[in-house]
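Can you read through this structure? Questions will come right after.
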């Protein structure tokens, strides 16, 4: 169970810095898939980094199973939004994926197996011995995802993980998330800008308001399981949730960029 | 231009320029008639007499051994200490002024100290080489570590990479382009210090030879020694470039798009 | 707005903070001095030849009371500054050319690699030949020659470090070659160049001192030589101490400049936690 | 720095002459001469520049930086034998006539096994320059006393570092000049051999040289210089207290040491016989290959 | 007019390297907005870089108005997919945008005006004096877009430019593209993974097949102008085009990742 209690985070100077998150509280239950949506720059990445223990809150408390998060906790892995810079350019793709597994002291064959399986799962079979910079953007992003999956964390935080992928691959990987959850009982926090995705994947949706981020709304999603790319998306309930999310985003996005998009260059 | 033709151009440039320079030196030394710059052909003759190969075992070998040991120590200590200081902020702050002080002590002033503390044998010479070569490596390691892409560090923290793996496989690797710059800077310093260290209490070595030649105004001999140093520098650099190609292949190729 | 403005040096409070920070980093120095004092006082190291730091400092203060030391300092600093300036300008310029152009690199490599290991002893005849009437010009030359190479190497490596995407971006906007070189490639190389300047700075200082010792141009080096020849052990170490302190001060200056120029760089970004 | 150059005139119409010297006590006549105005009398404005060693002096002289240099005999012999156009114009200092006044002696540290010259036969002895005058002195002195020098090991260490090297036991003995003699004696060391005195009274040690070109173009100034330095050397020989007082002003020898130390012995004459004897030694020890003739050595006006 | 004539591009070794593009030909007319869709890793970025003169084709010919492209041509600007690394970390946001304007020798006030206007247009008003690394991913992406717009090129190549943006901002910027075209008659080549976007923006759609890339289909889009986020997307023609694109992507994506997504990690 992942809990945030009136967490706030200010970057830079205590007085003048950017207040990215303020007084944010919510709880994520074991085994849930929670999606997070919100306008660009509202603080989603900041929240994920707070949960992952990469940033220390300037106020409030983050905890996992009641234990304060002071550094990156055991059970959590994060797939970075900035995927390109989170891959090690001196390691081949397979080594990039295998590197975090070192501390798990798995057998050599188990490591190879995990790497193969996840590479296959993200559609990159046979590319293990490329270097990251020999791959396209979307392929790099999938390597980062594969690394997160191969690590088999209890809680997986994903920051716009499918942003650079085509529709089909994206759909496949969405279903992969369900599959992984089913297999390992993993908890997933998933930031996305794709409204359909945010509804399709979610047990609940956190809709973030404009910066400093607060929870605008927490939507519980009760769509029939197992979900299906075609059927689920045709349900009236899906459409209803979809439009709620869309309305919310629209409003807070307008607030964020005061004066917003209007003048031509 | 095809890549093979381009390569041919590069190789010929690398051969042509030194030849041009040698030709210029040849003309200059013969025209100038300066005692201190004897005709280049005399230097070549001296080179042949001294270094092909009569003094190779007696002078070049002991010098090279000291140089390599000293340089190896400098690399190990420089990278190790650089890592430590790069990682441990308070230590860096405390050690900073001491490091800066030691760096600024000129080797001629260092001499009395080494004689007292270490003595006058080979150890002292090796120590002197290591002492001077360590700084560029240390500074570059430190700065390289400090400049690592923050996302990489975050990645390691999130995946709780063990400290040792993080140090060896990430910090060191990520900083290695800059570490190699430091080693490359230090390489000729090792040769220079090899010479300087042999100016005191020596009975053999290239540096000893050069100093003796200079003292006895055998200028052709002296320049033949300098010539040897230059060739040594070029060759060592070649070896170094090979090692670097292996270690930094990923870096060179991933940055190759720069034209 | 910007969350990374440096602490304002103007206010008294930050001045105090700055001072405290400075004092706080002297712990290592104190430890080293204590060790040196102890080992010489107990004659673990012969104090007759290696005077304890307290004595050396006392001698230094005495020396600083007279004009000779200050003239020597000025003389040394002048040669150092000139030599370093030449080396930095030439090294960066050459590095830019050589780093951006493979042909230039390959054509100059044999000569550069040949010249780099040439020790200053070999240059002494050249110094006398070229600077017969101006020996301090000779020390400048020695310093510039020796510190050119670190600058050159560091610049070439720094240039190699530029992100291809950044250069491609500039190219796709048809930014002029000059601007690409000076405003894209050079800034990416600055972290390496900054390290280079710090290395070159001490190399230049050392070579100025060596030059002064060997050819007798005035300055701290000459004082060191005279003290050494006169068996004035305390004075000699006082001048060596002076040289070291100069090194520390000069480096601190560069570090401050670097902090300003590199505030965008990960190594100097304000900790985001 | 006091940058020199040939044939310059100062404000009073004097010719400026740059002289290269070591920062050692035996350079006293130069400074005393300036102090006493002996050089002004002959219309010379003397500028002194201290360098590290004889070889830089010679290079500087040939390069035109220095007009006159004051160095040892052997380096100049070597230079002349290699064809460098240098000539001796005057003497400066010599070894002492007796062991008591000899100011360049072989000393041993307090804990050294070497007690007297006999023990030197198997000792490690420090000299400032191998194949220079020091090596020649040490070896021929032993030979003179009938001691086999075959097992002597000579190590090259600069003078200033010798006292420390002796104390640390890196050397058994060393040939050092003042003020290092006093420094060693102060540390409990002892004199174990006096090579200069052994080889004969007033063995030449330091002298003035100039390039043939400079002499040819400035013969008057050279003559004036010789005149003034001769006068100044006589003055120094007659007034040892003045010398002791002067030493701390141009060297950094501490005053108390300057009070006590053995003074250099000055002599402006160039003793042809002794010079030839020294030349013999240099030939014998292989320092020079081609023996210059007497005419090649000395400038006679 | 931008023309590719049987262009091919192989990365790395002539023999063994990756063949990213093979025998690709098409023409883009002046003033058109052409969108490019295709599975991840199929070679879209490669094609854009070929057009921008950043890569040399290993075969065939790229030309603008009949002139061969040998280096980056005058009239073209590219907004990189790898936006984070295409911003200069040592320049503040405003300087990043102003940098390409240097060679246009505009007056100081004109430069400031352009920077202000484009920053405002992408919803980042007032953030000109931040450094890029002080911004969220989506904000960085918008800076890169602003830079491309401020430059006012004749041909603007955009590589997944809205991938990190929320739905509302994305919609606003889509409409900004129309506005810019109207105002300056600019030609736009636009890579996207968003199928709706690819139809909504396009005068024609290039649907790329699996690697080595070829044009699977070139769809002409005849939707009424001006387009409108709500109305246009409700037209039956929109739905028809949409499903064509979707079907195509689906097929080639399956071919690309042979064996595809199936095994769990």
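Every chain is named by a letter (A, B, C, D and E) in the order it is written, and numbering of its residues begins at 1.
In this section, contacts are C-beta pairs under 8 Å (C-beta built on N, C-alpha and C of every residue); 3 or more make two chains touch, one makes a residue touch a chain.
Note that this is a predicted model, so its numbers are computed, not measured.
Q: Pick out whichever of the two, C-E or B-D, is joined by more C-beta pairs in contact.
A: C-E
Q: If I average the CA coordinates per chain, which chain comes out farthest from chain A?
A: D
Q: List the centre-to-centre spacing of chain B and chain D in whole Å, with centres computed as mean CA coordinates.
A: Result: the chain centres lie 38 Å from each other.
Q: In whole angstrom, what separates the CA-based centres of chain A and chain E?
A: About 25 Å separates the centre of chain A from that of chain E.
Q: At what distance in angstrom does the C-alpha mean of chain B lie from that of chain A?
A: Each chain reduced to its C-alpha mean, chain A and chain B end up 48 Å apart.
Q: Show the residues in chain D shared as contacts by 2 or more other chains, in ascending order.
A: 59, 62-63, 160, 164, 168
Q: Residues touching two or more other chains, restricted to chain B: which are they?
A: 36, 112, 116, 149, 214, 219, 251, 254, in rising order.
Q: Name the residues of chain C that each touch 2 or more other chains.
A: In chain C, 1-4, 46, 49-50, 125, 128-129, 163, 168, 213-214, 228, 236, 265, 269, 272 touch at least two other chains.
Q: Given the complex with chain C, which residues does chain E contribute to the contact?
A: Within the complex, chain E touches chain C at residues 49, 52-54, 71-74, 76-78, 80, 82, 85-86, 88-91, 99-100, 102-103, 126-127, 129-131, 133-134, 151.
Q: For the complex, which residues does chain E have touching chain A?
A: By the definition above, chain E touches chain A via 11-12, 18, 37-41, 43-45, 81-82, 84-85, 114, 117-118, 120-125, 134-139, 142, 146, 149-150, 152, 160, 163-170, 172-173, 175-176, 179-180, 183, 193-195, 246, 249-250, 253-254, 256-265.
Q: Report the residues of chain B in contact with chain D in the complex, numbered from low to high.
A: Answer in residue numbers: 35-36, 111-112, 115-116, 119-120, 200-202, 212, 214-219.
Q: Residues of chain C touching chain B in their complex?
A: Against chain B, chain C makes touches at 24-29, 31-32, 45-46, 49-50, 100, 102-103, 106-111, 113-122, 125-126, 128-129, 149-150, 153-154, 157-164, 167-168, 185, 191-192, 194-196, 198-199, 202, 205-206, 209-210, 213-214, 221, 224, 228, 236, 239-240, 243-248, 250-252, 265-267, 269, 272.
Q: Hey, which residues of chain D end up touching chain B in the complex?
A: Listed in rising order, the residues are 55, 58-59, 62-63, 75, 78-79, 82-84, 129-132, 155-158, 160-161, 164-165, 168, 170, 287-288.
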